[in-house]
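There are two complexes below, and they share chain A, which is joined by chain B in the first and by chain C in the second.
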Partner chain A sequence: MLSDLTKNYFELFSLDASFDLDLDDLESRFRKLQKEFHPDRFVSVSEQERRIAMQLTAHINEAYQTLIKPLSRGSYMLKLNDINVNDESDTKMDASFLMEQMELREQLDEMKNNNDQEEKIQELTLTIKSGQVKRINELQKCFKTVTDESLIHARNLIRELQFFEKMATQLEELDDDFL
Partner chain B sequence: MALLQISEPGKSTSPNEHRLAIGIDLGTTNSLVASVRSGIADTMPDANGHHLLPSVVHYTDKENSTVGNDALLAGQTDPVNTISSVKRMMGRSFSEISSVVNRSSNKIVDTDTSVPRIKTAAGSKSAIEISSDILKSLRDRAEKTLGGELFGAVITVPAYFDDAQRQATKDAARLAGLKILRLINEPTAAAVAYGLDKQANGTFVIYDLGGGTMDVSILRLNKGIFEVLATAGDAALGGDDMDHVIVDYLMAECGEKNTDDPVFKRNALMQARNIKENLLTNEKTDIKLLLTNGEVWSGQLTREKMQVLVAPIVEKSLKPCKRAMRDARIKKDDIDGIVMVGGPTRMQIVRNLVSEFFGQAPLTDIDPDKVVAIGAALQADMLAGNKNNDVLLLDVTPLSLGLEIMGGMVEKIIPRNATIPVAKAQEFTTFKDGQTAMSIHVLQGEREMVADCRSLAKFDLKGIPPLVAGAARIRVTFQVDADGLLNVSATELTSGIETRVEVIPSYGLTDGEIESMLKDSMAHAGDDMAARALREQQVEADRLFEAVTAALAQDGEALLDERTISEINDRLKTLSDVSKNTDRNAIKLAIERLDKTTQEFAAMRMDLGVSRALSGHNINEFTKEPD
Partner chain C sequence: MAYSEKVLDHYENPRNVGTFDKDDSSVGTGMVGAPACGDVMKLQLKVSDKGVIEDAKFKTYGCGSAIASSSLVTEWVKGKSIDEALEIKNTDIAEELALPPVKIHCSVLAEDAIKAAIEDYKGKQK
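Now for the complex of A and B:
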C-alpha cells in the first residue's frame, strides 16, 4: 500500500492543517508534485509503477481540488475533526436562513419564466456572492481557535454555504439555457 | 537525486538510444501521421508526396482492401464497399449510427454481438476494425519513413469524446499493432504544437472544427504546465454537415431531391467537397452533375450563397465556446490567442464568425490540417523519453460521470472538467429491507435524468448481507486514468464483497473479442504478425528488466531486506533467460511475476519520492514568482 494515499491532504502537501491557506503556495506545491508524479513521467517503467503513479496523481488532484475551494476545504477540516457535515441524524437549520433561501429560490424560479432578466440574474448572483463571502470570513474565525462550539458553528456555516453553492450552480444552468 | 531517474520519462540505461515515436491524428475526413526528426516535428507524406490520408477504406474482396486516395476513387464506382467518416461510428450503438450510415451507401448488418457492423466484400466490419485499417496504413508509412520499429504512438481524440469512443479508439490501435503511449485531446495537441514552438505563456482558446466533430478547449500555459481549464464541444458537428447541406441544395437544384441512387449520392458528395474547396479561393464555381437519367446538369454556386447555407452550422459551434469560457471562468479580455484547428477553419466564414465572437483575429501560422498531428508527435517524442522536456499536460474529463439512483436520476460522482487522472468514491445504501444485490448503472453527461445521459455500463454487486433498508454501505469508486478511460468498482463495506469492472460500453468490444481478432489477423498475415508480437513482448521484457535493475541499484539496499532483493534478482534472471527464447507466453508470464514481486518496492520508492519532492525545500521555492 502506498502510504501517501493514506496521508491527509494537508500532510500530502507538507502543510499545516489550516483554513487560512496561501492558495498560490498551494498551487506551486501541487504543480511541483504533478510534475514529478504525473503518469506521463512513467511511460517507460513497469506496469506496477505506472499504476501507482496514476493512483498517486489522482490522489494529488483530489487533495488539491478539496483544499483550493473554501467550502470543500472547510468540510474536509471538519471531517478531520470527526464531524460529518451531512450527518442525517441532525439536520436542524436556522429558520430565518431557510426563509431567506426560499425567497431566493422563488426569485430564481421566476427568472425561468421571464425573458428580460439580465439585470435580475446579476443582482441574484451578487446576493449569493455576498452570502458566501460573509460565511467564509466567519469560517476563518471558527478554524482559528478550534473549540467544540466553534466546530459546530463551522458545520452550520458549511451547510448554509452548500445552499448557496447549489443556488449558484442553478443560476449558471439558467444562464446555460440562454447561451 | 537518485530518485529523479524514475521521474524522467524513458530514461533507460542506454541514454543515447532514440526511440521512434509517432503522433497520429485520426480524423473523420483525413488522417495524418507525424514524428520528430532531427528536432523538428512534421507530418510524413506517402510515396506520392501526400500528407493527408483520406480516412476512407475500400474493401475490394475477402483478402484485399485499400485505404486513402485509392479508396476514395474506388468509392465512386463501388460505394457499398467503401466506408468513410468511420470516426462518427466509433463507440456508437446500432441506433445511434443508423442516421450516419443512412447518409452513406453502406449497409449495417444485424449481428449477434452488440457492436454494429457494416456489410462489405471482406465480411462485416465494425468501426474499430475499419479504423484499425486506417491506423495500419499510417503505421506502415511511419515505419517506412523512419526505418525501424515504432516504440509507440500518441493518438488524438476529440476532447468531447466520451468513454465509449475513447475505448473504441484504443482498441483500434491495439488491433493495428500500435502501442499507445497516450490518448490526448485534439485541442490539447494543437496547443502543444503552438506552445512548444513559441514558448508562449498565457490563456489560449483552441477552436477545432473538424470533419465530424467540433471541440473548444481553453488552456493556460504557465511555466511548463499546459493546464486545460475547460473543454466543451459538439460530437456531431463538423465539415461533413456543411457537405450535406450543400448536397441537399444541389439535389434540390438539379431535381434529384428524392433519389437514393448510391453512386449519384456519392458523386454529389464529392462535388460538394470540391465546391467547398474551390470557394476558398474563388468567388463562384461552376458545377456539373451526371443525373440518374444520364443527362448532365450544369449550375453555379457563389461563395456568398454557400456561406448562407453553412452559417447555421458555424453559429451552432459558438454555443460550446460560451460554455467553455464560463466553465473556465474567463472573459473575452483574458484570452491571449485563438488557435484554429481543422480543415473547415480555412473557410472565411468560420474565421469571420469566430473573430467576431471573440473580438480578435485567430492564429493560423500552423497549417490547421497538420497542427494536431504535429502536437501529438511532440508529445509522443517527449513520452518516449527522447526529449528531456519540462513540459507537462494536465488534461480534464470532458463530461460528468455518475450513477443511476432512485427515480431515474443521475448522481454525479466526477464532475466535468476535473483534472485527470482522478478517483472519487461515494457511498450508497440499499432501498429495501433484506436487499442482497444492487445494480450499478454508470452514466456520462450533464443532465439530471438517466434517459438524457449516455449509458456507459451496467453491472451488479451481489452478496450484500440482508439488512434493513439503509443499513448496508456500498462504496462505489470511479477512476479515470490519464487517457481519460473510466474504471468503476463497488465494495460492500460491512462484508468486504467487491465487484470491479473495466467499463466496457454496452456496444464495445470485450477483451476476448479483440484478442480473437488479433489472432485472426495474425493467422491471416502469417509469421510476420507473430514475429512482431514476439518482438513487442521482448521489448517489453527488456524495458522492465532495465527499469527494475536501475531501481534496485538506487534504492534496493535502502528499502528492502536481503531476502526480497534476492527474490527480485531471481525473477530478473528468469525474465532475462526466457526473453531470449521465442515463447511469447513464457515471457509474458515472467513479466507478470516480476511485476508482482516488485509491487511493494515500487510503492515504497514512490513514497520516498513524494517526501523528497516537498521536504527540505525552502518555503520560498513554492511561492509564485511575479508574472
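Now for the complex of A and C:
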C-alpha cells in the first residue's frame, strides 16, 4: 500500500502513460481504487496504516482530477518528461498568438459593458472552443510518437491552452452575470 | 492579499494606456504572456531618430500587479535611451511597487516586455 503512494498517476490506475485515454475506463478504475482504499475499510487497523490509506485516497483523487482533463493531463505528461510548462521566467510566446488573445479579451471587455450580447457571447464561446479543440487534437499527435521536438511543441500547445482556459472561465462568469 | 498603495494607484489610474500603430517604423511592440495566469501584456515604445524613447503605451489583461508593473515601466522608460531602458530590471519594478513574492512574475513580465519591444524596434531599423 505504501508503494502506491510513490506511483505516478498512470501507474496508479495501471495504465500506460498516454494522452489518448478512454475516460469511461479511467472513471471505472478510479471508482474501483476509491472503494478499495475507502477510509471505512481501515477502521480496525493501526493508526499508521489508517493514515497511509487517507493519503492514498487523496493521491487517487488528485490523480483522477489530473488525468481527466486534457490540459492537466498534458501538463502532467510533460512533467513526467522533466519539462516544466510554467517557468515564470519564460514569458516568450508567439507574438501573433498573444495579439489574437488580446483581441479576444477586448471583445470580452466590450461585452461586459453592453447588454443584449447573447449572440456575441455564443460566437466567442465557439471561437474559444475551436481554439481548444484544435490544440487538443495537436497534442494527441505530439504524444503519440514522443520526440524532443514533439515535446517542445506540446509544451507550447499547453501554454496556449492555458490562455483559452482563462478566457473560457471569464466568459462563463459573464454568462452567469446575465442570467 | 493586500496590494501596496503604489500598485493600487497604478491600477486605479493606469498611466499611458493605449496603442500606437504597430507598423510605424519608429514603434517597437513587445508582446509577452504568463501562461500560468493567462496574463497578456503589450508594451509599445516610440523611439526618436536619436534612439531616445519619446513615448510609451501599454495594454495589459491581468491582475493588478501586472497592470501596475506595465504602467510603471511606461513612466520609467520615457526619456531614456534604448540602452538605458534595457537596464531596467524586474527587481527594480518589484521593489518600487512592493510586490509580494507570489507577484514577482508580474515584474518579470514587464521587464521582458521592454526587451521584446526594443528587439522589435531594432528589427525594424535593419
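Note that in this section the second predicted complex is superposed on the first by the 172 of 179 C-alpha atoms of A that agree within 3 Å, B and C clash if a C-alpha of one lies under 4 Å from a C-alpha of the other, contacts with A are read in each partner's own complex, and residues count from 1 in each chain.
The rule we apply is simple: contacts are C-beta pairs under 8 Å (C-beta built on N, C-alpha and C of every residue); 3 or more make two chains touch, one makes a residue touch a chain.
These figures come from a predicted structure and were not determined experimentally.
**Q** Kindly classify A:148 by the partners it touches after superposition: chain B alone (first), chain C alone (second), both, or neither?
**A** neither
**Q** Check whether A:14 is in contact with chain B, with chain C, with both or with neither, and answer first, second, both or neither.
**A** first
**Q** Which partner, chain B or chain C, touches the larger number of chain A residues?
**A** Touching more residues of chain A than the other partner does is B.
**Q** Is A:82 touching the first partner chain B, the second partner chain C, both, or neither of them?
**A** In the superposition, A:82 touches no partner, neither chain B nor chain C.
**Q** Touch test for A:31: chain B only (first), chain C only (second), both, or neither?
**A** Touch partner of A:31: chain B, not chain C.
**Q** Please work out whether A:163 is in contact with chain B alone, chain C alone, both, or neither, and reply first, second, both or neither.
**A** second
**Q** Per the definitions at the top, what is the overlap between the chain A residues touching chain B and those touching chain C?
**A** Comparing the two interfaces on chain A, one with chain B and one with chain C, no residues are shared.
**Q** For a test of understanding, state which residues of chain B touch chain A in their complex under the given definition.
**A** Touching chain A from chain B are residues 6-12, 152, 181-182, 223-225, 319, 322-323, 326, 382-385, 390, 392-394, 418-424, 479-482, 543-544, 547-548, 594-595, 598-599, 602-603, 605-607, 609-610, 613-615, 619, 621-624.
**Q** Please output the residues of chain A touching chain B within their complex, sorted ascending.
**A** My answer: residues 1-4, 12-14, 22, 24-25, 27-29, 31-49, 52-59, 61-62, 64-65, 172, 175-176, 179.
**Q** Show which residues of chain A lie in contact with chain C when the two form their complex.
**A** Against chain C, the touching part of chain A is residues 85-86, 88-89, 91-93, 95, 98-99, 101-102, 105, 158-160, 162-163, 165-167.
**Q** Give every residue of chain C touching chain A within the complex, in rising order.
**A** 29, 31-38, 40, 42, 59, 61, 104-105, 108-109, 112-113, 116
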